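Two complexes follow with chain A in common, the first pairing it with chain B and the second with chain C.
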Partner chain A sequence: MTTLTQAKPNLLWLELTGCSGNIISLLDGAHPGFIDLVTSLVNFRYNNSLSAGESSDAMDQLLATLGTDFILIVEGAVATKANGRYTVIGSVQGKPLTALEALRLLGAQARHIVAVGSCATHGGMSAAAPNPSGCISVQQAVGRPVIQLPGCPCHPDWILGTLTALLEHGSLELDERHRPRLFYGNLIHDRCPRRSFFDQGIFARRLGESTCLFKLGCRGPVTRTDCPTRQWNQYVNWPVEDNTPCIGCAQFGFPDQMEPFISYDIT
Partner chain B sequence: MPSTRVTLNPVTRISGFMAIHVTIEHHQVTAAQTEGMLFRGFEQMLIGRQPWDAVYFTQRICGICSAAHSTASTLALENAMNLTPSEQGRYLRDIIHGCEFLQNHIRHFYQYTVPDYVRMPQEVPLFQSSYGDFRLPTAVNDQLIRHYFASLPVSRAAHEMIAILGGKAPHNHGIFVGGITTEATVDKIMKIRSLLAGIRLFIETVMIADAETIARYYPEYFHLGRGYGRLLSFGCFDNYPVTGTLYVDPSLYRADRIESFDPARITEEIEHSRYTGAPVAYQPLESMTTDAIDKPAAYSWIKAARYQGQPFETGPLARQWLSGAYRRGISAMDRTIARVREALTIARIIENLLDRLEPADTMQTAYSLPQQATGQGLIDTTRGALGHWLKIADEKLSFYQVITPSVWNLSSQGNDGQPGTGEAALIGTPIQDPTQPVELGRIIRSFDPCVSCATHVFMPGRKAPVTEVIVP
Partner chain C sequence: MDNHNWRYPTVQKRWERAPWQQQQTPPLSLTLAELAQYNGKKGMPAYIAVDGVIYDVTMEAAWAAASHFSLRAGQDLSGPYRACHRGQGILARLKVVGQLR
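Moving on, here comes the complex of A and B:
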């Protein structure tokens, strides 16, 4: 068992019912990035995609964190069908550990819970109708407020920016739906570089046009993120600049209430 | 000597959740089951949705290979619409897809495979190892640790290339019916070329050498994890009308022979996975399965994909073998060597495709949907053969089937009880110390399992529930 450094809190990153795309997005973060996470910011103890140990050793790293000071990052929704057995994340003493059990166990004790990605914040893609595995959000499953970082996936800066604020200041300013205002404070539509086309009524009729994508189904008018100004992957691009509609992946209700993603019926 | 039952749960450093259950007798694996532990039911979710949405929707099956699903769903839609994309459109789409190969292979090698053979810094809890079989001299071990971290900006650059043409990654917006959604302007191409040059240099001078170093110190893995030795590819970077095939045609290898591939010979079998449906073996477009978590004979969420009733291996080794680029052998270590070498193959193909680009206007148009149609999209992706099959009725999706590479590689037993490919690769493996079965994870990870992708669903009508999930 490791001796934990006193100054730094422990970090657990649970992957539950989802695509594990948020940990991949985290690896796309640069400054800071994964290196900072493992070497300086926290004692990173467990993640299914990255843990060197396996099986009971990995489970021990996870469960030995109980009773310590730790931050819990969760990606993925929480399958509840058949008492949670549609997502098993490991086993403890020969018994399957469901995503639901793991989250309730750890969520009760974590200093902070950060729900990363739209599956975690509101069920997202994993809860899309007819919700075959009975997925609910992290907040529903733990029954206590969690910091909400929606997005499909979540931007690495939103994750590490939130974590840094928690480490340095103990909190950060959240909106009424528990999203950090720093990243989710403005509607995409309000900061969209194509806003002038919208104001002039110049609308794209097919993907690939460089005007306003509103009539093709753009969800920028209802989606709050800083995508237009921050942009993605070393800040080189974002979906609207790629001549496609925002599909509202960071908005509560995604995907069902954001569809159809693309509509050619522009009358 | 008594037999020992060993379970590894979870097998970490894969995408999604998986367990391995083996029986060990006289220090040898005599029985093995691979268990996918995650079910999401995408096929079921897709019923009734607008067909275009499948391109962005199905990407969410997998966080590490999402462009693969956008490619397969786009191909299936084009097939249903009877639409042929332009050659330039295919080049651009395949460039995006190729960048995902680079991202995936670099991360799979350094973040998922290296900790199996390199003692990571043990003072970091995340890096604490389960076993003690580490053989690299300290200086070499330290160098590979440095490369573990040095690889991060490189795999990140591969995703940056996707974003340049596709908006963002994971889950790009660029790949779509007809080609991609943006113009390949000179500034974008210049940026991609520059990023690619750095990635290629890293693959050539660091990654391939690191894989060979590991192979030198762990040579017995060239003799472990062979499996059936049957290889399958749906083809990729192939059959461009003007350019021909740049990598590998749809083909397969068995009994020392390369054969042509016929998609009509693909079936899925569900006797030992957690689904019910009739028949229990079916072609992709005829099935309807339902999740059945307590089905007695079932032990996994991963179905059994078969070709003429036989399990096959799919992925980088299959492609390198079938294209003639690498034929040293079939084993756990050969899979890893083939993966890093394939990264270089792909980097060269992307360079080739970039050279062929011509300035072009948008490839997009305001598409209309057929009232009724059927489509299939088969393509080899990072982890191997991926298929999407769909039906459209009244301009909505009425059927969707996904068979991912991990449904081939990590399949459950067939209806005949024949083990899946990964299971066969484990059976017969000598285990030095049954209390430290380090061999099992090393062999299974050589397939780059993706349990997130292995999730399918099928359903009749609007309300039916079923999905089969596995990750490619």
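Moving on, here comes the complex of A and C:
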């Protein structure tokens, strides 16, 4: 892979209130992949799951990036109840550093903020009713425009493609909800290989059937991603072609507004 | 090519009979309680009401499982419609089946 023409910025990846599924998804990236990211694209300075440093060493590494040119990727929602004490990412000089504090501190200085995964973009699972920790999205917490990459998890190409575009061109085309059109420009329904079954009114009645999953509750018609053409697991498969309905994981409002995920009694 | 708004062309769907094949059924006149039976389940079609007009959403792609962003069929959805879709012309594309009384 060719090294980018501009100087490599620092990259910080914060994991807030979530499941760390997005950093795991990133490791499945292929073209480019994670090795390309850390060797050719950026100086990857901090991530809760991957950093070699522990405890105060890790916090020192994180805070040492302040004042430099860095891009901030955030996964997970932002817990706000009890002044953010529901999610503590480390301690600084013996005091707990909450996710809320860390995000506001770093978010104010970052060149770009990229919210990765549905918890970061709109609260997602972490903010699902009854939302016990008062989770909000990254954009709500930092109060400045954030590039939104919804998905549960986010596809590694959506992350690495966005990052590469930012590094090479400084920006990329976003839609009205700040999603890159490159990855979120089309409805799943419009590119679905089972679309002809929908148009002909031929519907699956049980999981495992190879026709349109609309009557089982498929959310492809309201969800914008390129899953049908890009596919997952290094371009091998995706839910609908494995006979399970899209649950709208990349749609704002997921999961509460995408329920029910499966229905068997629909006319 | 700027194709982010690309759509499949409108096609004749199997459940949409040609005009000369369509049976004219008298428009429904339903109370809210009667409308609730048309919830899209167990053989019932999925109807919603907006501003007193009842629409059929049984085969609407955005109404999979007779639900749409937490909203369920069989209800008067005038308020949510105005909040989300005012001015988008969506109702003109839906099949009218009657009126609330």
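Worth pointing out:
Following the convention adopted for this analysis, the second predicted complex is superposed on the first by the 261 of 267 C-alpha atoms of A that agree within 3 Å, B and C clash if a C-alpha of one lies under 4 Å from a C-alpha of the other, contacts with A are read in each partner's own complex, and residues count from 1 in each chain.
We take it that a residue touches a chain if its C-beta (ideal position, glycine included) is under 8 Å from a C-beta of that chain, and two chains touch if they have at least 3 such contacts.
Here the structure is a predicted model, which means the values were calculated and not measured.
Clash-free side-by-side placement of chain B and chain C is the outcome of superposition onto chain A. Of the two partner chains, chain C is the only one that A:G201 touches; chain B does not reach it. Legend: residue contacts after superposition of the two complexes on their common chain; A:V236 is shown touching chain B, with no touch to chain C. In the superposition on chain A, contact is made by A:G94 with chain B only, not with chain C.
In the superposition on chain A, A:G253 contacts chain C only, with no contact to chain B. Residue contacts after overlaying the shared chain place A:S51 against chain B, while chain C stays out of touching range.
The larger set of touched chain A residues comes from B, when the choice is between chain B and chain C. For the combined arrangement built by superposing the two complexes, chain A sits at the apex of an angle of 110 degrees to chain B and chain C, based on C-alpha centres and given in steps of 10. Contact with chain C, but none with chain B, is seen for A:G185 once the two complexes are overlaid on the shared chain. Contacts of A:R219 after superposition on the shared chain: chain C is touched, whereas chain B is not.
Once both structures are fitted on chain A, no C-alpha atom of chain B lies closer than 12 Å to one of chain C. When both complexes are aligned on chain A by C-alpha atoms, chain A residues 259-260, 263 touch chain B in the first and chain C in the second. Chain B meets chain A in the complex at residues 7-17, 19, 37-41, 44-45, 49-50, 52-53, 56-57, 60-64, 66, 107, 111-112, 115, 120, 123-130, 149, 152-153, 155-157, 159-160, 162-171, 173-174, 176, 181-183, 191, 291, 293-294, 362-368, 441, 452, 457, 463, 465-467. Those residues of chain A lying in contact with chain C across their complex are 175, 181, 185-186, 189-190, 195, 198-202, 214-219, 221-222, 245, 253, 256-260, 263, 265-267. Against chain A, the residues of chain C that register as touching in their complex are 3-4, 6-8, 11, 13-15, 40-46, 58-59, 61-62, 64-70. Those residues of chain A that touch chain B in the complex are listed here as 2, 4, 10, 15, 17-25, 27-28, 30, 33-35, 38-39, 43-55, 57-59, 61, 79, 81-82, 85-91, 94, 96, 125-126, 128-130, 132-133, 152-153, 205-209, 232-234, 236-244, 247, 249, 255, 259-264.
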